[in-house]
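For reference, the structure is listed below as structure tokens.
Chains: A, B, C and D, in written order; residue numbering restarts at 1 for each.
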Amino acid sequence: MSAPIRGVVPPVTVPLLDDRSLDLVSYQRQIDRLIDAGVDGLFILGSTGEVAFSTVERRREIIAASVDAIAGRVPCLVGVVDTQTDRVIEHIKTAEEFDIAGVVATAPFYALGGIPQIEQHFRLLRAATELPIYAYDIPVCVHTKLPVDLLISLALDGVLQGVKDSSGDDVAFRYLSLANRRAGKPLSLLTGHEVCVDAAYMAGADGCVPGLGNVDPDAYVRQWRAYQEGDWETVRTEQDRLAELMRVAMVARSATGFGAGVGGFKTALACMGIFATNQMPEPVSRLQGEDVQRVEDILAELGMV
Amino acid sequence: MSAPIRGVVPPVTVPLLDDRSLDLVSYQRQIDRLIDAGVDGLFILGSTGEVAFSTVERRREIIAASVDAIAGRVPCLVGVVDTQTDRVIEHIKTAEEFDIAGVVATAPFYALGGIPQIEQHFRLLRAATELPIYAYDIPVCVHTKLPVDLLISLALDGVLQGVKDSSGDDVAFRYLSLANRRAGKPLSLLTGHEVCVDAAYMAGADGCVPGLGNVDPDAYVRQWRAYQEGDWETVRTEQDRLAELMRVAMVARSATGFGAGVGGFKTALACMGIFATNQMPEPVSRLQGEDVQRVEDILAELGMV
Amino acid sequence: MSAPIRGVVPPVTVPLLDDRSLDLVSYQRQIDRLIDAGVDGLFILGSTGEVAFSTVERRREIIAASVDAIAGRVPCLVGVVDTQTDRVIEHIKTAEEFDIAGVVATAPFYALGGIPQIEQHFRLLRAATELPIYAYDIPVCVHTKLPVDLLISLALDGVLQGVKDSSGDDVAFRYLSLANRRAGKPLSLLTGHEVCVDAAYMAGADGCVPGLGNVDPDAYVRQWRAYQEGDWETVRTEQDRLAELMRVAMVARSATGFGAGVGGFKTALACMGIFATNQMPEPVSRLQGEDVQRVEDILAELGMV
Amino acid sequence: MSAPIRGVVPPVTVPLLDDRSLDLVSYQRQIDRLIDAGVDGLFILGSTGEVAFSTVERRREIIAASVDAIAGRVPCLVGVVDTQTDRVIEHIKTAEEFDIAGVVATAPFYALGGIPQIEQHFRLLRAATELPIYAYDIPVCVHTKLPVDLLISLALDGVLQGVKDSSGDDVAFRYLSLANRRAGKPLSLLTGHEVCVDAAYMAGADGCVPGLGNVDPDAYVRQWRAYQEGDWETVRTEQDRLAELMRVAMVARSATGFGAGVGGFKTALACMGIFATNQMPEPVSRLQGEDVQRVEDILAELGMV
């Protein structure tokens, strides 16, 4: 299998035209910008990347456009999020048609299960593909937390090559990191935090997958490089500034959840002239009026526009 | 649109062969049995009907097999459960190829939203089809409760024709029923309870969609008819017995959630000679050993085997 | 021990003067009114009865005032709610100074525990008193659901004499009722529902403890008597009307939780001339302005003022 | 008011004799040990300090014993945790009888409220005392998260002098720290983490209140001093070791929650010869047999015994 991915790996936000078709021009612009900033990889079809909104056909379209735009410059991870095993394997099969570096899969959701089903799920995914598999730990969407012991045991069996931790459970992440080290580092541990990436580096993270990296990839790259050099004051100072910038994903008053968060990122990118629109997938409305102004004010305050 | 469905509408459990392909022979036997018992409709591809485990292709296969087996004898509702609007519409388009009586859709899930997105979601589904739409209120899977006011407003606008209430929130159901009555009964209100169907009838339910109806459809039909005749003591006595029978979905020690519940129904049907196996979809294991014995003991105790 | 309490047992709301001292005149008026309506008992210092807001001294004051006002006409249950065992026993010792019919205790809360601690807690309460003990199952406040098996086992050991079920979990209540019947009915099962009391009667409840019974005790007494006579249509019709009346506890826009619920009851009682004020304990504000008007409108609509 | 407390402030665990009376000899030994290790203050009657298990009289006894044992060497914070305002004020009045440095109060709990009640609660506490007040943010016990905006606004009004953050919500803590800095640092921010104290320091915490500090106060003092000197590698290395040591609070198989956590601390202190017993308050059992062995193994592995 290919080498584990370390460093800054933004989950790429999808630019849409007003009719909600893919805006390939903006997409190329954004991907060039991310790569030029020095990111170490890109994660497409994550929660930020509209995976839950995308049909089988739309997913194929996004993978194709991404691989085309990236053109082999950095490794590409592909989200294969779906409710249960057979559906996830179907997405893996689509992903395998392209030149990608790995797939990222959550625990099963919707139907209620338990740890044995989660274990069996990941083992079946491993049996279905030779691609590296990253476990996507995102209980806010999936409503199960992946246990440290399970992740380590699946890693030692070669089932998992990495974890994208969006659990917000920093205590569990610490124990995952300690256990991973004790096991010989079979897993690449990527934090999904935007606001506490410094804490994840303290805990031993191998990289980050920040949605906010769409807006300011340079800062996350600077932070990562400072971490590599042991310059913790820079790690921390960059983080404080990024926390202020993250308010673009929190200021909307007309929206909550994905609409406020990814809606805030898209609005920032539109304000910055990188995306042509801040259009959102159905049934989510784009931010408008004062919500857009709030995002723009934060960008101005931090010198981003 | 076709007349609203009232009465007993079991969510049909899917029989699988050992290799997890559909067992069409068992399926025909079970559907004949349900219809012969006097059910008023059938609900396929519900949570019980493995909707979350089924790929687009498998869903088509189940709809085709069901419509074929039912042969127009009772109306058929089809679950079109998926994470977000475009994916649900895709399932509706598949369902429209067949002769069915309506579709059943949940609120969006996985990505976090709010009430405005849920409203927009159902309005977009209505714009996409002429089929009756039943809202599927199942917060244990979807993690949002559909508010009474929203349901009534969507009903008055012709967006919704019914609600399948699996919320377990009997207070909210009461208020939904009162509001529906006040609005002129635009909605057919079907409870997803197995154990408190009598309570739902007290509250004014128009019918039930009990997974346990797969095991004992006759009892739910007797209960419904007693309710129609105002014979509350029978309604209640049948319910007490059905509550005892429902323990088939609770006794497994090796499984939880779907594996215990639907696994218990399938195991009961296998014990009763109706299903050839109690096989489950991946990544769920079928019940085995003592868990099967526990199910069988309950069936024996209640004279079902 | 005294006979188990069956029938309508309202949790008595506490009238306060503007300075938040007890309003003994209103209290006597309300208690007389409840007893005249035909209630079968009274429950003081419940969640509705401000137990969580009352110091040790205030609790004693409320018990003394209640026992004095009731004057032995109906049995009186006393809530002894507190975080852990020793504090609860202290409240039991206070209660024992008065002529009461039993105490009502929740599971321990605040500190996290498990089922063994809950069991030990109730066994220690039993060792500390000869009074009948009712388990108060109120997970919305205590954040633990009392399991059916534990309740039955404590009943068979003589630890518990009843359950006040405010869990809202009607499926669990059904199973509790069936298990209690199978065990020879050691427990008196009182539902804390206001809106689904009919459902609880269907399930076999021995009575109800409805906060709304403060506002309309007559209706709950009529409903109970109809249930005793098997007149289910009256049970149901009374319930529908009481559900509409219960909106007094839901219409406040300036308050939530206790402030809206008990605040609504007190406001209704003030509108009806029974309480002198609708004052609330600190840190809760009384309903004012339009919120009061909303309560009054509901009362007017239902002929209560 | 006295100066805000910064640095390491362990929440002191209470040693009990077998009959559950206070073990004053062990208590003096432990308090001397903590102060000798260089802690900056002590927090008594926290969640770890059995506040929820202690009657009014027991609380007084613990405060008296603590103040006596500390003898003015370090400042002493006193937990005044209770369900609602009047009860908390009663505890504040008891605390005021002693020479202490401040009180620590949670949001109201048990009865459901909202943000306005929480604000009113803290304002009433301020009106009742001249002591510094620390807000205790512990949603796992209280089931409400204190919002950043409220905390800052109460700080600017002189209501609050500090926050003890046991929320585990490191994103919110970051924003609290940034907002506090922007407001001129009116609050002393103490993290309740044991395992991610380094992350809290990265975020700008003014100190820590780690239950595990009972077991190894020296390590937390070393970590704090390294932080003061900007030696982040030591901060991190000490944290990794403390995370391993924290397993004493997680290894019990016969207990969960408080019983496992504080039970683990007490067992460790008993193994280390500092506490005479590992006795727990009713209704919690002390750890026994293999659970004790598991704790001892961790201590041995880390050179603590």
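Points worth noting:
Here is the rule we use: a residue touches a chain if its C-beta (ideal position, glycine included) is under 8 Å from a C-beta of that chain, and two chains touch if they have at least 3 such contacts.
Here is each chain with its UniProt name: A, B, C, D = Dihydrodipicolinate synthase family protein.
Keep in mind it's a predicted model, so treat the numbers as computed, not measured.
Interface note: chain A and chain D, two copies of one sequence, contact each other through mostly matching residue numbers (shared numbers exceed half of all numbers used). Between the two copies, chain B and chain D, the Cα superposition rotates by 180°, quoted to the nearest 5. Chain A and chain C have centres, each the mean of its CA atoms, that are 49 Å apart. Centroids built from CA atoms put chain B at 35 Å from chain A. Those residues of chain D in touch with two or more other chains do not exist in this structure.
By the touch criterion given at the top, residues 47, 52-56, 58, 81-87, 90, 108-114, 116-118, 120-121, 124, 140-143, 255-259, 281-285 of chain B touch chain A in their complex.
Interface residues of chain C, counted against chain B in their complex, comprise 168-171, 174-175, 178, 193, 195-196, 198-199, 202-203, 230, 232-233, 235-236, 239-240, 243-244.
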